[in-house]
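The same chain A turns up in both complexes below, where it pairs with chain B and then with chain C.
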Partner chain A sequence: MTVISPVAADSKSLGSLVKKVSLVQVAAVLVAAILIIFGVITNNFFTLSTFQGILNTSGIIAIVSIGVTFMTLSGNLFTLSASVTVLVLGQAFLELVHLGPFPAILIILVMGAIIFGLQGWLVGRLGANVIIITVAAGFLQQGVAEYLSGSNPSILAPAGITSYLWMRNTYGGILFSVWAMFGIVILGELFLRRTVAGRQIYLVGENRAAARTAGINVKRVTIIAFIAAGICIAFAATLQAAYTQNVYSQGPYTFDAIVAVLIGGTSVLGGKGSLIRTVFGALVVSYLSQMMIMRGYNPPTQIFVQGLLLFGVVVVMQLSERGRN
Partner chain B sequence: MVTESVIRAEGIVKHYGPVKALQGVSFELRKGEVHALLGHNGAGKSTLVKTLTGSVQPDEGQLFLDGEAVTISSPHEAQLNGISWVDQELTLIPNLSIEDNIALGGMEKTFLAQRKQHRPRVRQLLDQIGLGHLSPTQEVGTLSIGERQLLEITRAFGRNSKIVILDEPTATLSDFEIERVFAAIREVTAEGVSVIYVSHRLEEIIQICDRATIMRDGQVVTTQEIAGLDKSGLVNLMVGQLPEFAEVASSAKEGGSGDFEITNLTINDFVRDVAFGAKGGEIFGLAGQLGSGASLILRALAGLEPKSSGRVVLSGKQFRLGSTLRARKAGVYFVSNDRKGEGLFLSYTNSKNLTATRLPILAKASIVSRSVLKKSAQQLMQLSGVDISRRKMTVDSLSGGNQQKIFIGRNLNHPKMKLLLLDEPTRGVDVKGRAEIHQLIREASASGIGVIFSSTELDEIMELSDTIGIMHKGKLVNVEARSNTNAAKVFSEMVRELEPEGMKA
Partner chain C sequence: MGSLAGKNKLRVLRQWRDLPQVAAVVVMFAFFWIITEANGTTPFSGANVANSLNYFGEYGLFALALGITMILGEFDISTLGTFALGGMIAIKLGGSNPWLGALIAIACCAAFGLAQGYIIAKFKMNSMTVTVGGYLITLGLCGAIGKNTQGSLLNANVPPFLQQNIATVFSPMSLFVFALFAIAGVTLRYTSMGRKFLAMGGARKSSRAIGLPVNRYVTLTFMLSAALASLSGVLYSYSTATSLVDPGLQPFLFVVTAVLVGGVGLSGGRGTPFGIACGAVTLSFLYGVFMTTAATPNISDTVYGCLLLVVAIWSAPSLKEWLGSFTAHPIFRRDQETKVAA
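This part shows the complex of A and B:
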């Protein structure tokens, strides 16, 4: 059952560190306990199909969240236009897919890298505020997309092209997007832990002034973190477009990704956290909404409970990081 | 009446972690006197002042106010007891008027409601300090730094205080303004107020003070009447008990990779036209008071000061200032005086910190292997002299001295380093840690790189330098080999008090 708990990573150390149990650990165990208890008292919740559902609804959101985590780790909060980018690049993917799935995916990934790389350049080079830049970039992307599509709000999958439909299939009951998410986590973690740039993302996030003073190229590291985010979000866009076959409105990605990153326990200030944690965060959110749907809660209640959880996480993290910086 | 004591401290002991800031200090302030508190940085003056003003609680010892044993548990309580402190940092609020600032600091409840009654009092205070030309309603933000300092002083005098502590009150003042401060001091002391005067300016101390207490290494050396003492007498008291420093052989190497030559160095229009150089393997000490520009020079060389210019040649190659990346590329490594803000990654392990800045060197094709990282971290841990079993502990769990060792250790044995800059390398470090850090720096230097460090502490300058450069108000006033000079001479040049008239800026 620990699979669904965000504390799985910490639970090993709990026994040996009883004396040093932190607020974060207590809160995490508490949340896990509540989730499990409610799962148990919900009829038919602990079934294979429920968990397939939880996984299958979280794959694309988790990939967007992984992207955002790169930014958060580098000390640059979040993007507030992830949904717009997923929409615009999803539409672009459907327009380009006649080139064949792999060329189309490649072009979209490059576009994502460029869109985010430019935002990273503005933030890293000019010291611009990340919130303002990502909001402005969102409007720009929307404007360009509407201009190019002649204000056509809905882009449909081209009829007769089937070469990319494997992207929306399930394999062993699990959607391709979920398998892709696992692949991205492994690659992303390897990048963060084993490459110079990946480790420097952590250093810059932990103490930007120290990184700069030590001669680390903070601007370059910031841009790399943004590009990594852009590639993940672009890939999520292709999966989303392939899955729905009709891209016409923004999904909930911007805020869902922030929720997943925070619930996963990655520090808002940067420097601490991981992609795996974010995946746990995304799974917890998915678990929660699945459970509430099965208990018959209406959407406002679902949103309220999600908000409550996020609020609790933010308060706990703020308390545990008090004194830092 | 002259000997009536208003505040007395007995046997005050204060430790900051392992650092003994005060070691059994006794001090007495008499009614109506101006009492100088002297000693170079780190001597314990500010800790003593903070104890008297309630912002620091002593570990041992007792305070007496008017002969009665008291505990002063907060600055607010100190004020209620008639103790005012004018810090070096200005505490005025820029967008409030002069009169409101004066009312704010005071204990009187006249704010807003009794503003009109308050105003004549404000005029009187302004007149007293020579600010009579200002209107009480003028915003403080429109005043010059000097005027603000005067306002700060007169506000303290206006609080019906019994004791006023002035910390470097004249640092930002012109000669004329200093005269006004002295006149005000004479006026209030004639009324029975006592003043503690903390300053490095020996001339002023001789002019205005009645007695002086001289501190060194957290202890009181002596308390003496000023009458009959001259500047060199004071200097001798301050540095007279310096231990003999063992001559450490310089490891200067001809044509070493760390040779450097700096010319025309100008920073922020404050440091002007500074020029010096040294050979690899030599330790160059930049001595200077706080704000002398010594630390600024190191920051500029590290690329941290955008408004800096000058010609810097390191190991035969010139590099342009103004970028940390260019400095790093040229082989310059910098140990900031702010190890928490600009140095360490506090919540990361010692291992991670030690390897943090050499990842590109340890990597092959941008990939870093765990075993290489581990090996490098262990080696650096050993070099820096921190117990290797602490490898996986976070840096913020270490003492200040060990943190500093990790910070310096990070730069040791670095194949690309040619010049190591250390800004106040042992600030906040205990005596043992300090000796070990000095040893680390000597070892680094012995490998043939250039080393420049800055320090406000005379002992450190004398112990560590092969060559000493003395900074004063943005100018490099003297450069001399350690073997050709002595502590008293360096100290006088640092405070620039024994120079002939006209040399003062």
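This part shows the complex of A and C:
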């Protein structure tokens, strides 16, 4: 009869625990610890008003990121023209808002769906490179918008029209964009989990060849994922335009959204992830941004830190996926 | 006899892989000439060509940097960051000694490229996603070094030296860039290293199976692409005497289009430095057209965007299949059947 000493048993259970803990979990704990430590050493960071600010700034970023998540889940990486689309459709919203807020929102959503649907068709049907197509689409949108606006860099909200201002108000201390984000997450998750098209997005992202063998129309699914992305980004554009009432330059949405999606744990190769995770990623991006502003860092330092974080997340996730496979 | 030699020459010409790229240069040059003459403000001269080729000098090596990673079947978005970072470091450190500034800039960016390439090669990662992180890191570094403001070169002798006229249409900068393209072309075409490189781009798995050092080549290619992009940034900064904090995606639009017009395939293994040079020269002449006609940004953005879209569609793998679906239509089939019957 062998007797296991308590110390040996402890070390054995510790060993099995270490084996169970994945690289992603270790990295997540490490990142969380760093964020909390920096938050603690930043003066007045852990206050209610700071967290209210983080939540309020994350709304629009999260909606753009949710759009990008549809693309990433379907195995089509991300778009490099999200900022341009937000700018162009935001300008279009301010031009159309005299029709009434709801018709204007509807037109903008349709425009977003068409812009991204066409890109989805090129990527899904012709197999064109998603990065190149989105860069080209970005410049085309910019060129057409500059032409239509007479190269006017700044589009102001029309004077005297107030019917859309409910979109920039706060409700219970929280901006409308944040409540809208929660609504979009619920609708998006229902679409992904409860509809055939949503489940097909996961399958196509996970294993394109298997999806094709199973008789799924991969091209159609790709176009649907792009259209979903376009609708989300278009809605974010209307919220952004309604909030600022003066759309004149591109925001940091393109890379903020990519960072949010990947920090949230959505697999860059597609098939794994969720919209809720992306919202969490967007909150981390806003937290980081707010903390660095309060510590007095300039925008390039924020970009540098975002880059390091993205680099680390991509490496850890791909290593982890390889280990699982 | 004479006609046989002529036919052989024609066959050789048809088999020349870079013929479409050369044709693109000729057509764009003719268009540039016609537009300048039609514009009527100043007659077409060597100065027009020299200005366009200076544009090629500023961005040509950036196109080569991206092109070599694409020939290897990878994609390096971080070249956009190293382009900006190289220029910024050179401007900050090259005030008294421009050579030293350029050398340090290239060395720093090459070291970054080496680290990035090692990670991509060692862990067999998707280069597009890793290099987006690399792009943000280098862009952030560039802004931090420049304290978020555009830098300017203290040595006023450098820009006139780089842009001085040689043989009417060239400058030291454009000739230097042409020379580097020639070295890259000869290396790829006539050395075993170059042939291995092309083989790895076309058939990565087979190359690994026959024992080629794929990881080493991938690592070194990313190092070289970072070094070339930073050198391009140095040339841009030295010739304009300014360095950019954030160049945006505009230079990327130019180089991606140049590389695709240059005949580089997105799946790897296809393309030559000569073709990339032709693509970059073609787009430089297009830039000359915009300069001559004083085109507004909306026109140039739309034209570049359309051009990139067209070449991206042209190089899309399923384009032939899609076009084939039209010819498989009953109308066409009936036509073919009639032809067969006849």
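Simple rule for what comes next: the second predicted complex is superposed on the first by the 303 of 325 C-alpha atoms of A that agree within 3 Å, B and C clash if a C-alpha of one lies under 4 Å from a C-alpha of the other, contacts with A are read in each partner's own complex, and residues count from 1 in each chain.
Note that in this section a residue touches a chain if its C-beta (ideal position, glycine included) is under 8 Å from a C-beta of that chain, and two chains touch if they have at least 3 such contacts.
Since we're looking at a predicted model, the values are computed, not measured.
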Superposition on chain A - do chain B and chain C clash or fit: fit
First, second, both or neither for A:272, with chain B first and chain C second: first
Which of chain B and chain C A:212 touches, first, second, both or neither: first
Which of chain B and chain C A:203 touches, first, second, both or neither: first
Superposition-derived comparison: chain B or chain C, residues of chain A touched: C
Which superposed partner A:194 touches (first chain B, second chain C, both, neither): first
Touched partner set for A:126, first chain B, second chain C, both or neither: second
Closest approach of chain C to chain B (Cα atoms, Å): 6
In the complex with chain A, residue positions of chain B that touch it: 302-304, 324-325, 327-329, 333-334, 336, 341-348, 356-357, 359-360, 363, 366-369, 410
Touching residues (chain side chain A, partner chain B) in the complex: 194-197, 199-200, 203, 206-207, 209-210, 212-217, 271-272, 324
For the chain C and chain A complex, residues of the former touching the latter: 75, 77, 119, 123-126, 128-130, 132-144, 146-148, 245, 249, 252-253, 256, 260, 266, 296-306, 308-309, 312-313, 315-319, 322
For the chain A and chain C complex, residues of the former touching the latter: 77, 80, 122, 125-129, 131-133, 135-140, 142-147, 151, 255, 258-259, 262, 268-269, 298-308, 310-315, 318-319, 322
